[in-house]
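Think of it as A, B and C in the order they're written, each chain with its own count starting at 1.
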């Protein structure tokens, strides 16, 4: 089943591994500290709650540190970064690292905007457990451009796979580059996750919520590459199924949350 | 119908009182100034709008004071507290007190996190009209632990009733400790409100929105204990009914707002 | 079809112009930088995404300037204004003006609250492309009171039309004063847009989202008066139709987003 392309071996992520990961998740639903952007906080919390996890947003620097030390994982999403929130993020990451709380980076819109790009590069040395971004974000973060050929679209996650692998090797994080197909790598192994639907790009926060789910799965013991791929898999599975059943992006939102909730059944 | 337990007399809140309170509410739907957390602002506003009230979020300190003086009531929710917002809250509360605008405290996550816990204790001397929290929040705020025995769960509102009564006596606020059953007390009388559904714990902001509804009902003339219990009653009634009819937490949200809107009919 | 009243000639906005504007919009869906209030960010983004536009919220001052220079248009909504965000808005507007990026002002609650009223008046000299507000906001911004008679209600957009015309003449912006009927003027011509539904006043952010759609349409080449009227027309058309089909404000939200999405079909 493996395919080789440009010396990268890609394995479709097996459903059996995803289902095992999901069962493990349900045994100990994690408490996830989310320092995320202003636009998606409510949807992010509802996605985690639907899955049975416990989201919390604690934003003042001192408390953010206190809370990250106690949480099972931490999400850092820089979509609406500003100075005070950046300080809280640094305090939370420092405390997380001291307590061995895994933390996940969503480098929203890194590349063109200089403040967040500098900040995200600084965060890379602070040992993220995982990084989840789209093709252009992962390429910008890795410093690699598209291997001598143009990237076909912002969604061309395949073209960003070399950048994702390099970023994973450099940071020792699991890197998920998501798009029509998601690729999840530890720098050596690569899993491909299919599914999802273009309709999800018409709903704000689906990518950001995926990063929160990645953070939730990073709280689990075991092979983190599998856990991050499981997070991508469940969002793609439910999103793809729900998209076929709804009239548009508005009704997608409640149906998607219901779908995540009913995965457990 | 009253039951006595540990020398506390508890009365189920009568539907007739709730319905009378609701009719009074509809006669003069209040303008509610909400200084609430980042995650739930939209849902909170939609809950108040569905009921016919007028929510407004005015956040800069000077304006927050100006607006609280004019509003019918003020909600203070410290879920995503940070320094600038804390200053706005203090300015708003001071102006509210000068204008006899009642204000309500939702002490989100008080207990474990020190910044907000200190802030919430400071607020207690500023004469809240009501306080709405879960068992652990009300116990942390009262300083009472669980009367010599462990609290069975975070939702064990009954175990927090002694703390709620003491907090009400100490602050002269109406205290609502909510969970599977809500208890509402002025320190002497205790009303119990049943209903609701566990599904509501899988939707972000149901508790925060209840606190906003409590603030709205605190704007009414008459027995404030009844008004706060009415707020709990209507959220439990509608939430409990809607939860039976939906496929999950996603479809709960629109159905719950519709249910609140259609209460009036 | 034109009606004359108090020397103002008002033309119902023709469906054919709206449909042509919509087709033009679909050819080059704009990237809209939204500096909007905390309560409505998610709904605003979802409305723009449903229409096929690309919303982005970049809030730190330096980045906000960088991004506005690259965006197709900029929305400034002062609903939850505070000092740091006001600085970001000024930086974004300055950059927008230098890059000929059109920007739109939504003067939420201007009039009674002094901080935002001063700020909004300051913004008027910075050449907004359009201003969208309700009757009381437009009257407060223009300095005109209701022409010697009382305004019947906050929704009496007709009474604010003289103020809207004067504001348009003074600022050279297109001014939309919205309510049961929306009036859109360049100071000389006036288009009336009917439709919508009272239910929309029970959903937070419908007016704010309209301002974002106005900003999106200001990115188009051609007669800006027509484009702003098209924005009002499409929100009124879809809102009015959807309101007839739903059980309340909760189910209005997903159905409205679906309706906007399916306009294209």
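One rule holds in what follows: a contact is a pair of C-beta atoms (placed from the backbone, for glycine too) under 8 Å apart; a residue touches a chain by one contact, two chains touch by 3 or more.
A quick note: this is a predicted structure, and the numbers were derived from the prediction, not measured.
Trainee: If each step moves to a chain the current one touches, what is the fewest number of steps from subunit B to subunit C?
Mentor: 1
Trainee: Check the residue numbers that subunit A and subunit B use where they touch, and answer same if over half are used by both copies, otherwise different.
Mentor: Copies use mostly different positions to touch.
Trainee: Quick one: subunit A and subunit B, Cα centre-to-centre, how many Å?
Mentor: 34
Trainee: Which subunit B residues reach two or more other chains?
Mentor: Touching at least two other chains: 38, 42, 84, 253-254.
Trainee: Under the touch definition given earlier, write down the residues of subunit A that touch subunit C in their complex.
Mentor: 37-40, 42-43, 79-84, 109, 112-116, 201-205, 246-254
Trainee: Mind listing the subunit C positions that touch subunit A in their complex?
Mentor: Interface residues on subunit C, with respect to subunit A: 38, 41-42, 45-46, 49-50, 52, 55-60, 62-63, 66-67, 70, 84, 88, 253-262.
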